[in-house]
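What follows is a pair of complexes built around subunit A, which joins subunit B in one and subunit C in the other.
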Partner chain A sequence: MSVARRIAAAAVAALAATPALHAHDFWIVPSRFHPDPGTTVAIGLRTGQNFIGDAVRRSDIAIERFFVRQAGRDEPIAGIDGADPAGWLRADGDATAILVYRSRPSFIEMPPAKFEDYLRLEGLERIVDIRHQRGTSGSPGREYFSRCAKALLAGRRESEAVTRPVGLDFEIVPDADPTARAGLFHGRLFYDGEPLAGALVMAMLDGDPSARLSARSDSRGGFAFALPRPGVWLIESVHMVRTWWWFSRADWESFWASLTFEAPGRGAAGGTASRR
Partner chain B sequence: MSLDNRGCDINNAPLSHHHSSSPAAWIWRDGTDTFQLVRQASRSYARSTRIKKLSATAALLSVCLSLAVLFGRTVLASDHADPQVLREPFANITDLFCFPDGDRLIIVFDIRRSLTAAGPYPLDPYEYVIHMDLHTPLTFNDASEKARYGGSITASENLKDDVTIRIRLNNDTSVKQKTFDGLKNPDQIQVYTGVRDDPFIFPRFFKKNTIAMVLGIPISSFPAGQQDFILWGSALKDSRQIDHVGRSNRTQQGRFDFLNTLPPNQHVAAIMREMASRGKLTDVLKQNAFTTQLPSLFLYTVNMRKYDLVPDVMVYTTKFPPGFPNGRRLTDDVAGLTCQQGDCVLQEIAFIEGGWPRATVNDKEFKSAFPYLADPWAEAAETAPCNSFAPWVVLRSIVPLMRTSIIPLEEVPWSLIIIAVLLGIVFVVGLVTIVNAPIRWYRNRLTEG
Partner chain C sequence: MKRLMIALTCLLAPAAATAHEIGTTEVRLTIHGDRTWSASITTGPLSLLNKLEAEAGLPPSRNLDQDALRQALDHARNALAQHIDVRFDGARSAEAVSIASLDLPADITRPSLVVISATGTVPSAATAVTWQYNLAYSTYAVVFLAAGRPPRTIWIEGDDTAGPLPLAGVMPPTHLGIVRQYLALGFLHIVPAGLDHVLFVLGIFLLTTSLRPILIQVTAFTLAHSLTLGLTMYGLVSLPPRVVEPLIAASIAYVAIENVVTARLTPWRPVVVFAFGLLHGMGFAGVLKDLQLPRGEFLPALVSFNAGIELAQLSVIGVAFLTVALWYRDKSWYRARVVVPASLLIALTGLVWTVQRTAAR
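For the complex of A and B:
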C-alpha cells in the first residue's frame, strides 16, 4: 500500500466511530520523554483505558524482559520489587532510546459472553468466528496474556534502531523515528518476527480522549496514522493465537503490544541528523 | 475473574495457583503449565531454571555462612560509621558541615571517630580534600528531594571540581600543606586544624574528640553572585580514595558503603548497578521456601530504596535558610532529621545506646565564633569500639557476597554449576564413606565377636 493510500485509510478509519474500550491496555510512561544526557529517568508502568491508567508496581516475578536499548547496547532497567516507579535508567541522550517491557504470561478465565465482548472490542472477531465454528462459543474464555510494551525516549538525534524489531513476540515497529517527525506515523506489526496482517491498531493522545485513531494492518503488517496534534501518543494492538491445547489449561494466548512516544510539533520535519 | 479485573490483575501479580479445568495440563507451583514451560524454554536458554536458582541459592547460603564464621569477630568489633571496614581510622571522615556566618562560608571537616588518646597521630600519609561544584544547576521543585537532599541535581554525571581544597596535616594536627584551587584571595581564608570535641549529636560519640579542619572562606572568594554550592569531601592515601562524605548520614548507611571510594559523578550509575544486583539476589531468595524470609531483613539494611538514586553530595544554596539538608549547621539533629525522611538507623541506635529522651543537642556547647567547635575532652585511654548488632553482621557478609559472580544469575556459567554440583556429590559420598567405615568395622567386630 502506498503512503498516500495508507494515510487515506487512516483518515477514514479515524472518522469512523471507534467503540469504547473496556479491556485494560498496558503501557510504559517515562518521567521524561526528552531526557538530557546523563539524567536519571524514572520508568512507570500503567494499566487502564483510554490512555488513563493506574500505576503498576514492579513485580520481578512477572517480568520476563525489562531493558533499555541505547547507544547500541541493551541494559536491564533496575528497580525495586513492589515499587512504583518500576525502574530507573540513566539516559544516554545521544540518540533515541527504546524501553522494552515483556511480561511473563498471566492466566485469566472469563465467562463466554464477556470473553467475546472483549474479543470484538480488540478487533479479534476472527477468534469469535473460530469459537463459533468449533462449537465452543458457550465455553469460558481461558487464555494466557502477556504484555509487550515499548516506549521511545528522544535523544539529540534520531535512531535507526527504533525501526527494527527488538525481538518481542508481538510488537509495533515504526518505519521511521516518530520522535523526530510531526504528523505522520507509519508502522508495522510483527508477530514472531513476521509481519502480521489484519490486526486492529489504535492510537490515543494523552490528555485528549477525543483524539483516537484506528486502522487495520495491511498484508505487510503496515499501518499509518495521521497524528493530528503533537503530544504523548499511545499506539496499541492485541493479537491472539491458539495454544497447544492438549498441554495447556488455556485455549488461547494473547499478546498486548504498545508503543508510547512524544510526537513533536509541526516544526519537526524529520530526516535531520541532529535535533538540538 | 471479570473482564474489568484484567487491568488490576495484570501480569504483575504472581501467577494464579488454582488448578486448571483442563485435565491434560500439568500446573507447576508458580502457576505456569507445560505449554508455558516449553514455550519459555524455547524462547531463551539463558533464562534461569529452577535447578539453577536452587543451586545458586545453596551456594549463596554456603558462602554467607562461611563469611559469617570467618569474619564474625571483625564484624562485631566495628561500629556504625563508614567505611564499614575501618582499616584506616585516620582516613575516616566523621562529619562535614557547611553554613554561613556573616560574609564567610564556614566548612567543618572532621576525621577520626571516637578519639580520646593523646597525640601524636599517624596523619602523615593522608590527604584531606574538600570539593565544590559551582556550575552544575540545582533545582528545588521536587519537594521530596528538597526535603531529603536540599535540592535536585539533574545531571549528576557532570559533577566536577570547580574548587578543590587540599589539606595535609602534621602528626601534631597542625597544617603541613594546604592548597586552594578555584578560590580568589586564598590568603584571606581562615584555617583551623586541631583536636576538638566531636560535634556529632549522637550518644556513641559523646565525650569523644575528633580531628577537625575548619575553614572560613570569604564569600568574595567565590565567583560573584554564586548562590548554589554542591560540596563533598574525601580522604586519600597514596592518591587512592578511602572515604567519602557528602550529605550527612548517607554513606554511613550500610547500603551505600560502596560509594566511599567513588567520585559523586559515578554514584548514580553505581547505585543503579547495586540496585539491580541486590534486587536479583532478593528475587532468588524469595523463590525458595527455605530462604524466602531473608529478603525482609535486606529491606532495611541492604536493598536500595526508590529515593536513593542521587549522588552523595551536600547541597547548600543561599536561596533558602541554612540548616540540614540545606548545608548543615553544627546544631542540626541529623539523626532525627534523616529519620523523618526514611533513614532511621542512627535514631534507633541513639535510643539503644543513649538515654531517654533522645539527645538532640551536643554534649558540649558550641562556640559562637571561629572555629565554632567545643574544646576537646580530656585525654583518656581509648576503649574498644562498642559492638554492633545483627543487621550489620548480615550486611557485612552480604555486601561482599553480592559482588561475586553468583549475581547476576544469568552470568553464572552452567559449567560452574555442574562442577559445583559434582564436587558436592563427591564431598557427600566421601563424607558418608568416611563416617560409614568405622561403623561397618565396629558392626563387623560385633558380629565376629
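For the complex of A and C:
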C-alpha cells in the first residue's frame, strides 16, 4: 500500500476512533538546540500531542514569564505580540542556557467523558477517583491550566544552573545537564518548590514515535529514563489540584511542565566539564 | 497561599484567565453566489504532514525541502480532505482539496506556512453552514465570507465546530423559492398595493352578476396584461409610464361609467377590457423591472409574478362576490344601491387619478 493510501485509510479510521482531546502538551522549540556563540535563535512555542505540535503565536497577555537564563543572568525574550516565532535571542553559547516560559492561567471547560479521557491519558487517575467519590463524574471538567515550559540550549560547556529550579509552579529539573550526557536522564519534579511524588512523567523523541517512555516520580520527586537514542527529547508531566472553588469558576487547576533538549550521542557520556 | 493568589489572579484578571493559545492556523470560508464554497486553510506545513503521518502509523518526516514537502502534502491531500468537515444543514459536503501555496522561508524569524484550498458545492435550499477541522491543536480563527455580508470572524478551539452560520440572504434562492417569491410579489402588487388595479377589477365585476360575462372580461384582461407584461419585460414593446399611468386611470373611469350606463355585456366591452389590459400589463412590467428580476430565473419569475396578479384579481372578485353579490344580487335594489353608487365612486376616483397623473407629467 502506498504512503498516500495508508495516510488516507488511517485518516478515515482515526476520525471514528481517536478521542479528540482539548488538553494538549506544550513545549518550547528553539530554531537550534546547539547555537554557536553570538548567533540569533528563534524561540517557537508548540502545542500538540505526541511531540507533534502547532506553532503558538506570542500573546503578551498570556505570558507571565518568558526569559532566558544564560551567562549567570535572566533576560526577557523579546518578540512581537501575535507573531510566530514567539521570540528570539542572541545565544551566549558559553554554557547551557535555560529558556523558561510560564503562561497565565487559561480557563477551559470540557464534557465529562472528554475530561476524564484526558485525565487518564495524563496519568491523573486520582482526579477521576476524586470526582467519582464526590459524585461529580457526570459534571463537565472546568479547569484553569498553566504552562510551565523549559528548554535547554547547549553551550560549549555544561551548566550547573540547569540542575536547579527556576521557580516555576511545576517544574522538571534534571539532576545533571542532559545536553552533555548521553543515555540516562535523571530528574526531579517540583510542585510549589517541593518534590512531587506519584506523578506520571513521559519522554518522547522527536521524529520517532516508537521512542516513548514513561515513569512515575518517587517519594523524592525523582524519576529516570534510559534515553535510547540521541536527538531532541520532550519530557513532560501534568499536575492537577483543586482550586479554591469559592474564588474560582473552575473546579481544578492544572500545571503542564515540559523540558525540551537535544541529547548527545554515546560519545558524550557524562562527567565532562567541557565538550569542545 | 500560592493557590489563593492564583485564584485571586483568575478572579481579578478575567482577560488573562481566558487567554487562549492562538496558533498560526487561519481559515477563510467563502460562500459564493454560484452555489459553491471555498475554504483556504493556512497552517504549519510540517506539523500538518506529521499529523497525517502519525495517523497512518508512519514516522514523522524531518528536514524536507520545499519540493519534497509539497509533494508529500500533495500525496496526503485525500487524507486531509477527511478532516475538513463542511456541512450544510447537517449534511456533509464533499470537497476537493489541493495545495495552493507553500512557503518555507530561510529566515528563522518568519514562520513556514502552507495554504490548503478546499472547494465544494452548496446544496440547493441550504439554510446554514458549519465548519470543523480536526487537525488544529490550537485556537484559530474562521473568517466567514459571503457576498453582500460583512466578514464574520469566529474563534474556535482545535476540533470544535464553528456555526451554524445562517445563509439567509447569501445564497440565491432555488427555483421553488423564486416561484414563491414572485408569486407573492405579484399578489401583493395588487392587494394591497395596487388600488388602481383593484378598482378596475371591481369595475369588471360590478357590470353584471352573471358568471359568464365576468369570466369573459377577466380572461380578456388576463390575456392582454400577460401579453404586454412579457413583451415589455423582453424589451419588445415600450411605453413611458407618463403615458401608461394616466391611461390606466382613465380605463378605471371608463369601465365604471359604462357600468352606470348599461347592465349587460356589450360586444365591445371585452375588446375595450382587452385594450385596457394591455396598458395594465405595461404598468405591471414597470413594477417588475424595479424588482430587478434575477437574470438566470427570468421566465419563472415573470410567470410567477403574473400568476400572483391573477390570484389577487380572482381574490378581489371572490371577496366581492362572497360579501356582497352572493347575498344581494337578486334584490331589486342591487343595481341602484350597490352597482351604480360603487361604480360612480370608482369612476370619480379614476377621473381624479387621470387628472393627477396627467398633471404629474
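Operating definition for what follows: the second predicted complex is superposed on the first by the 253 of 276 C-alpha atoms of A that agree within 3 Å, B and C clash if a C-alpha of one lies under 4 Å from a C-alpha of the other, contacts with A are read in each partner's own complex, and residues count from 1 in each chain.
Heads up, the rule we're going with is that a contact is a pair of C-beta atoms (placed from the backbone, for glycine too) under 8 Å apart; a residue touches a chain by one contact, two chains touch by 3 or more.
Nothing here was measured: the structure is a model prediction, and the numbers come from that model.
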{"item": "Which of subunit B and subunit C A:Asp117 touches, first, second, both or neither", "value": "first"}
{"item": "Touching partner for A:Arg142 - first (subunit B), second (subunit C), both, neither", "value": "first"}
{"item": "Subunit B versus subunit C as contact partner of A:Pro209, first or second or both or neither", "value": "second"}
{"item": "Partner chain(s) touched by A:His24 [first = subunit B, second = subunit C, both, neither]", "value": "both"}
{"item": "Touching partner for A:Pro37 - first (subunit B), second (subunit C), both, neither", "value": "first"}
{"item": "Touching partner for A:Asp81 - first (subunit B), second (subunit C), both, neither", "value": "first"}
{"item": "Touching partner for A:Glu109 - first (subunit B), second (subunit C), both, neither", "value": "first"}
{"item": "Subunit A residues contacted in one complex by subunit B, in the other by subunit C", "value": "22, 24, 26, 40, 45, 47-49, 53-54, 56-57, 59, 61-62, 85, 88, 103-108, 144, 243-244, 247-250"}
{"item": "Subunit A partner contacts - residues on subunit B that touch it in the complex", "value": "1-4, 6-16, 19-22, 24-27, 30-36, 38, 40, 47, 154-158, 268-269, 272-273, 275-276, 279, 282-283, 286-287, 303-306, 309-310"}
{"item": "Interfacial residue positions of subunit A with respect to subunit B in the complex", "value": "22-24, 26, 36-40, 45, 47-49, 53-54, 56-62, 64, 76, 78-81, 83, 85, 88-90, 103-110, 114-115, 117-118, 142, 144-147, 243-250"}
{"item": "Residues on subunit A engaged by subunit C in the complex (per definition of touch)", "value": "2-4, 6-15, 18, 20, 22, 24, 26, 31, 40-42, 45-50, 52-57, 59, 61-62, 82, 84-85, 88, 103-108, 144, 169, 192, 206-209, 241, 243-244, 247-250, 253"}
{"item": "Touching residues (chain side subunit C, partner subunit A) in the complex", "value": "2-4, 6-11, 13, 15-25, 43-44, 47, 50-60, 62, 75-76, 78-80, 82-83, 108-109, 111, 134, 136-138, 157-159"}
